[in-house]
Each structure stands twice: as C-alpha cells, then as structure tokens.
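Both complexes below contain chain A, partnered by chain B and then by chain C.
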Partner chain A sequence: MRKTYYLFNPGRLSRKDNTLQYTAYDEQGLPGQVKYLPIMDVADLYVFGSLDANSSLYNFLGKNGVSVHFFDYYEHYTGSFMAKEYLLAGKLQVQQTQHYTSKTKRIALARKFVEGSAFNLLKNLRYYQSRGRDVAAHIDQIEGYVAALPFANAVPELMGLEGNIRQTYYSGFDRLVPTDYAFGTRTTQPPQNELNALMSFGNMLCYSACLSQIYHTQLNPTISFLHEPGTRRFSLALDLAEIFKPLLVDRLIFRVLNKREIRPNDFVQDLGRCVLKEPAKKTVVRVFEERLKETIQHRSLKRSVSYQHLIKLECYKLTKHLMQMEEYKPFKAWW
Partner chain B sequence: MRTITATHVKYYHVCHRKLWLFDRDLWMEHTSEAVAGGELLHQTAYPQRAERYKEVSIGGSKIDFYDPHRRVIHEIKTSQKLEESHIAQLKYYLWLLEEAGVEGPTALLEYPKLRQTLAVALTPADRADIPQWLTRIQQLQSDNTPCPPTINKPFCRQCSYYEFCYVGE
Partner chain C sequence: MYVLLVYDIREKRVGKMLKLCRRYLNWIQNSVFEGEITEVKLKELLAKAHNFLDTDEDSVLIFKSRSQQWLEKQVVGQEKNKLDTFL
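After this line comes the complex of A and B, so read on.
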C-alpha cells in the first residue's frame, strides 16, 4: 500500500537511480541527513517546508503517478503537481458535464452531498449527546434544516441550508471541547482563533485527500455539483470533502483537544490571524494519517476498508450515478 | 465502428458488465495487484525465450509472443481459473491470423506457475462462432446499451472491478 509523505523540513528531493533521495537542510542551510524513499511506497507528497527539486525529479514522479501538493507558510493549499492524466474516459466526462448543466440532475446530486454531510455531522453530535454533553437543541435544529432539504430547488438554496447546518453544528462545538477554547463564529482567510485554525488546517488536509483519490479514478476533479466549478480549484474535491469532514476532521479536532495532544500554547496569534506551530501541525497530520488508515468492516463489500479507501469508493458510486448505472447514495456512517 | 481488441473478446467470455465498463475506458486495472502480478510473471517467466519471438499488432490486438517461422502464438497466464476466456482469446488471435492470410497457425497457452501448457486450435465451429461474438460485442459497445447487471460469481471477489460493482451504499 502506497503512503502519503509529508515534508515539513526544508531540504532537497532528488531522483537517485530509481528511488527518491531526500537531503534535509540544517539551520545554516547546509545539507545534512540523507533519507531514501522507495518510489513504489509513495502515493503522494505534501510539501509544507521549502523544497528544492529539479525537473528530472518531476519527470520521475510524473512517470510513477505521484502527485505533489504544496502549501504556503500559513498552511494554505497553493497548488499541485499532477502527473499527466492517465485515466481519461470521454463518455464519463460528457456525462459529468451533462449532470452539471442539467438543473434537475445537478440539484439531485448536490442535495445528496448535503444530506450525507448532515447525516455524518449529526452522528458526531449524537455520539457526544450519549456521553452527556447537552447538544439536543442543536440536533433538533439541524434536523429541521435536513427536513427542508428535499424542498430546496436551487443550488444556492441548498448552499444556504448547508451553511445553516454548519453554523448550528459549530455553535455546539463549545460544549464538546475543553473550556480553554471558544469557537465564536467560523472565520477563514484568516482563521481568527484556535478552533478555526485547526478546522482550516484539517479541512485542507481532507480536501487534498479527496483530490488524491479522485485523481486515481476517471472523474474530472474540476466539474462539481454542490460547489460551483471553479477555475482555480478542484471543486469536486470540495463536494466530496463535505461528506468526510465530520468523520475525518471534526472528530480529529475533538480528539486532539480533549486528549490535550494540542494545547493553547501550540498556536501563534499574529495580526488577527491564528496559526498552528510546527510541532502541532505534525501532530494534526499524524492523527489525520492514523485516521485515514483506520479500517472499518464494509457492509456490502464484506471486507475491511480504510477511511482513505472509503473516499475512493465514493468516487466509484459517483461514477455509477453519472453513467446511469445506479443512483448515488452518499456515504453515511452506519456504526 | 469502435475497435474490438482481444481484451474485449476475453472479457466477453468472463463478464459482459466488465466488457461494457472497459469499453467505456472505465479501467480499474491500474489499482489491481493481480494485474501487476500478471505483468511481472509475463516479464520473468521465460527469461531464456529466444529472439525469434516477435510482438505482433494485428486488427487492433497485440500478440505478445509470436514465432513467425513456426507460426505459433504463446500466451502466458497466471492461473487456470478463467481458462475458457484464455482459450477464447487465443482462438481470436488464430482467427485474426487466418483472416490475414497466415496458413495453419497454432497456439500454446502457458501457465508457468502450474508448469502446464495447453495447445489451442481453431475448429470449423469456432470459425462460425467468432463472428457472432464480435456482433454481440458491438451491441454492447453501442451507446444505447445500458450496463449489464452484476453476475455475482465467486470470482467477482478477485476482479479489479469488485469494489466498483458491489460497493452499494
């Protein structure tokens, strides 16, 4: 099984024969320890630190289907290097486009994404409800919005409902994490407090994980249904991320804060922006990876599958919907 | 008319749904360990195989090992599990060669891991059947043909499309 590698430290990545060689730079910027990563072990690379590389490395990565995702100092996703598309399916592409341009087909799919997302985030709230946190009012309110989903007949309306659901959900967060943190409202670009910073970082990891999986299927990552297809974003990954954020990101936030794996002094505040310090980023990435590798017994496949693989299965279901084989049912945590 | 390859013929004898999906470029092989294993076997099974064997492209299909002097096709497979489809694939190669004017070609199906080989020949009955296979494959390739249902066979679990077909909810 190929793995995702996260590069935090500055260094040089190069091709060495048929394997990858990583030379870390020390504080003076001088080459230090050398590590080797067998290419067949690498699924993709996430680059957070400054990386030196040349085109022969990218040719090598491209030939082996390894993508590289880049993030800036503030952990924003800035772009990806993707190998030449190796899975092209014209008929699927035509279908995907038609499902976007037809108002009825598009809204049917968009609604599924919101439904799946709402189901999974309610699951989180119910879990904490059963452990004595009082979030009953939030659950009721969200259920009210969910009941309205079938009557929304335009995508902006759905987005509005989705916004309300999220807002209600976030307003319950203060009851689920230690009292050191107050969520207030969701702020992005920049996130203004600790919870928002964690959430932005986690969502970004989730988005990239979805993109990586879409990339290994024939779906076109730029044609989306709930989110408006953007010219600068792989917006289909945003659609899929909606479904998986409650399981992959929100639960991670509760865990690292409640287990105090991350503490208030793991954040830096500067100029109205809150950023995770480097060791904290590593913690989040480690927990996120553990989560992606965690397996569940799949009901219909009768085999154990990892969370990461669940994202790919979601791509298969979407493909089947687009090819008019089987109606898409969003992933709903069944345990 | 779309091209028909030997892979189409092989899948036609395994699962029509697989053929339908494969024909629409919905490939799963890139994720399959079984396929990677087969490729490795192909590269390593007969290191001493002589130079006289050629790779031949014919009618949109590719024969990996063909000996033009003795007019013998060699085809390497991992296991006998889907032998019928392997035989069909070879018969299709033989038929293509005959159509191209090669006289009396023969074929050998090789299972190096089982240390077994099997000779395959084209019978008059096959010569009548093959055009029928091709007609049916063309039907499945048509845009109006919906995807055939899953076949629920025990070998589905080994197929690279298993998760695609049976993922359900």
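After this line comes the complex of A and C, so read on.
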C-alpha cells in the first residue's frame, strides 16, 4: 500500500530525477540533509509546516496521482491540491445528483449516515459503561433520539437530531477522560479548551482521510446528502466522516488522554484559543496513522481489512446504492 | 511485498540505476534500497533496468519477503537514512 507522508518541518520539496526530493531546513533556515521519497510509494502528502515548492513539482505530483493536503498554523484544514480526476463516471455522477435533488432519496441516505454515526458512538459509550464509567443516562437519552430518526422528514430536522445526539455524547466525555480536562461545550473556530482542540484536530484528520478515499472511487466529493453541499468544500467527506469519527477520532482522544500520551502541558492557551504544541500534534498524527493501518477481520469479505480500507468500502457501498444495485447500509462497528 | 535490492554496477551505468531505484524504493545505503513494492512495480523497475544494464558485467540482487514484519533488520553503527513518513 502506498504511504502517507506528513511534513512537519519547514523544507523544500522538489522534483528531481523523476522522483521527490525533500530538503529540510534547520532553525537558521539553512538546507539540511537531502531525502528522496520514492514517488511510486507516496499516496498523499499532509503539509503542516511551511513548504517550498514550485509548479513543476505540482505537475509531477498531479501526473502521479498524489494529492497534497494543507493545514495552517492553527492546524485547520485549509485546502488540497488534488491530482486530476482519474476515475470519471458520468452515469454515477448523474445518479448522485439525482439522489441529492430527490427529497425522498436524499433523506433516506442522510438518515443512514446519522444512524451509522449514532450506532458507533453508542458503541463507544457502551464500552466505557462496561468498564464501570457511569454513562447510562447518556446512552438512554441518545437511544431516545435514535428512535426518533425514522420520523424526521426533512434534512434540517435530521441535522438537529444529529446535533442533539452529539451534544449528549460530548456531555458524557467528562466521565471518560482524566479529570484534568473539562469538556464544557463544543467550541470550534477557535476551540477554547484542550478537549475541543484535540477534537478539532482529530476531526480534521478524519475529513482528509475520507476525502483521500473518496478520491480513489468514482464518487463526486462535492455532492453530499446529510450536509448541505456548499461551494469550495468537499462535503461528501463530511457525511462519511460522521460514521467514522467515533471510531477514528473519539477513540483516539480517549486513548491519548487515558494513556497519558498527551498531557495538559502539551497545549498552548492564548487569546481565548487552545492549540496543540508541535510534538503533541506529531503524537496525534502518529496514533491516527497507526489506527488507519490497523486491521480487523471483515465479516462478509472474510479477510482482514484496514480501517483506511473500511472508508473506501463505505464509498463502494454508497456507489452501489446510488446505482440502485444494493441498498446502502451504514458501517456499524461489530467489535 | 517487502524487498531489499542490492546492486553492483559499472560506474558508467550506476547513476542511472540509482535514479531509477529512488523512484520505487527507499535508499538506505550506497547501492542498497529497501521498501514496500508490488509484484508488478518490481517487474516494471527491472524492465526499465534492463534497458541499460549490461548483464555480462552488472549484478542486481533482490531479497523478497512477504511483508516488512518478516524481515528483521539490525543496524550496527550509523543508520544512513532513517525510514520515516514524518518529515
């Protein structure tokens, strides 16, 4: 499998001998050791530090189907360089659009996303319940919302329910992480405390992972069902991420905090905003990467499948639904 | 498939081999590369190498293993190039 490379240090990436050459800069801004990345082994690049590059590099990356995702200083996702679409499918595109424009078809799909998401986050809560953390009240409340899902007739209504589910879920977080952290409410742009900062960072990694996988299918990443397709953003990735966030991001947060891989002093608080320090970011990305590579035994495929591949399988299921071959069933964690 | 590729090639052609291998595998030491590669990609690499190799003089050795976890690597002294996807 091709690998994802994460660029944290400032440096220069260039095309050299038909492959990638990476020169890291040191503190004085002087070029250091030169590294070659085998182009055939690069899936995508995540750029966190400042990167020097020129258009010939991007031409080269485009030809080799490598996309580059950029993140700003505050670790927000700012955009992607996507290689030219190589899997074009007009028929699917038409179907995808029709599923968006038809109210009944759209709500059916949107409901599935919320269902999948709720199932997976309940799974997290139940796990901790069995470990003696008292979240029974939260579970009951979320189950109440889930029971109301089939009666929601409009997408905003679904979004509202989804919001309620998340809010209840987050209010249980305080019991699942060490007492040094208080969650309060979910704040974004900017996140105001440690848990929120960690969550924003994790979600953003999850969005980009979903987007990368959608890119390798014939789906159009801009036409979404649960989230409103806006302009200039790949909203289908947000829909998909809904299902995988409890598995990929929330479990990661519980892990790094409970195992003390990240401590309260790994955060910087200033101007009403909380961000992760550089080494902590690396830890999170490393754990996330490990998780994506982790494999599970797939029940119907009868072989082991990585979490990353699960996202792609989800895209395939969605494609089948759109082409009216098989009804979409959202991914539900069975372990 | 995880491979270890080692070559011994006349100076005239060695640069070509180096540049070719850099595109597919990670350089770890002079004339030594390692990395994850598919069967087809390896064939492609060898086909390209055959365009300039002189098989009477040059030699390329490939050690294949099913995956990286079946390969135990021990480094004595300096590790010339650490393989890491975090840069």
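Going forward, the second predicted complex is superposed on the first by the 335 of 335 C-alpha atoms of A that agree within 3 Å, B and C clash if a C-alpha of one lies under 4 Å from a C-alpha of the other, contacts with A are read in each partner's own complex, and residues count from 1 in each chain.
By definition in this document, a contact is a pair of C-beta atoms (placed from the backbone, for glycine too) under 8 Å apart; a residue touches a chain by one contact, two chains touch by 3 or more.
The model shown is predicted, which means the values in this text are computed figures rather than measured ones.
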item	value
Which of chain B and chain C A:K103 touches, first, second, both or neither	neither
First, second, both or neither for A:R286, with chain B first and chain C second	second
Touched partner set for A:R260, first chain B, second chain C, both or neither	neither
Touching partner for A:Y5 - first (chain B), second (chain C), both, neither	second
Contacts of A:R126 with chain B and chain C, given as first, second, both or neither	neither
Contacts of A:P38 with chain B and chain C, given as first, second, both or neither	second
Shared chain A contacts, counted only where both chain B and chain C touch the same residue	none
Chain B-touching residues of chain A, taken from the complex the two chains share	86-92, 216, 218, 298-301, 313, 316-317, 319-320, 323-325, 329, 331-332
Chain C - residues contacting chain A, complex	19, 22-27, 35-37, 41, 81, 85-87
Residues of chain B touching chain A in the complex	24-27, 30-31, 146-147, 162-164, 166-169
For the chain A and chain C complex, residues of the former touching the latter	1, 3-9, 11, 17-19, 22, 24, 35-36, 38-41, 282, 285-286, 289
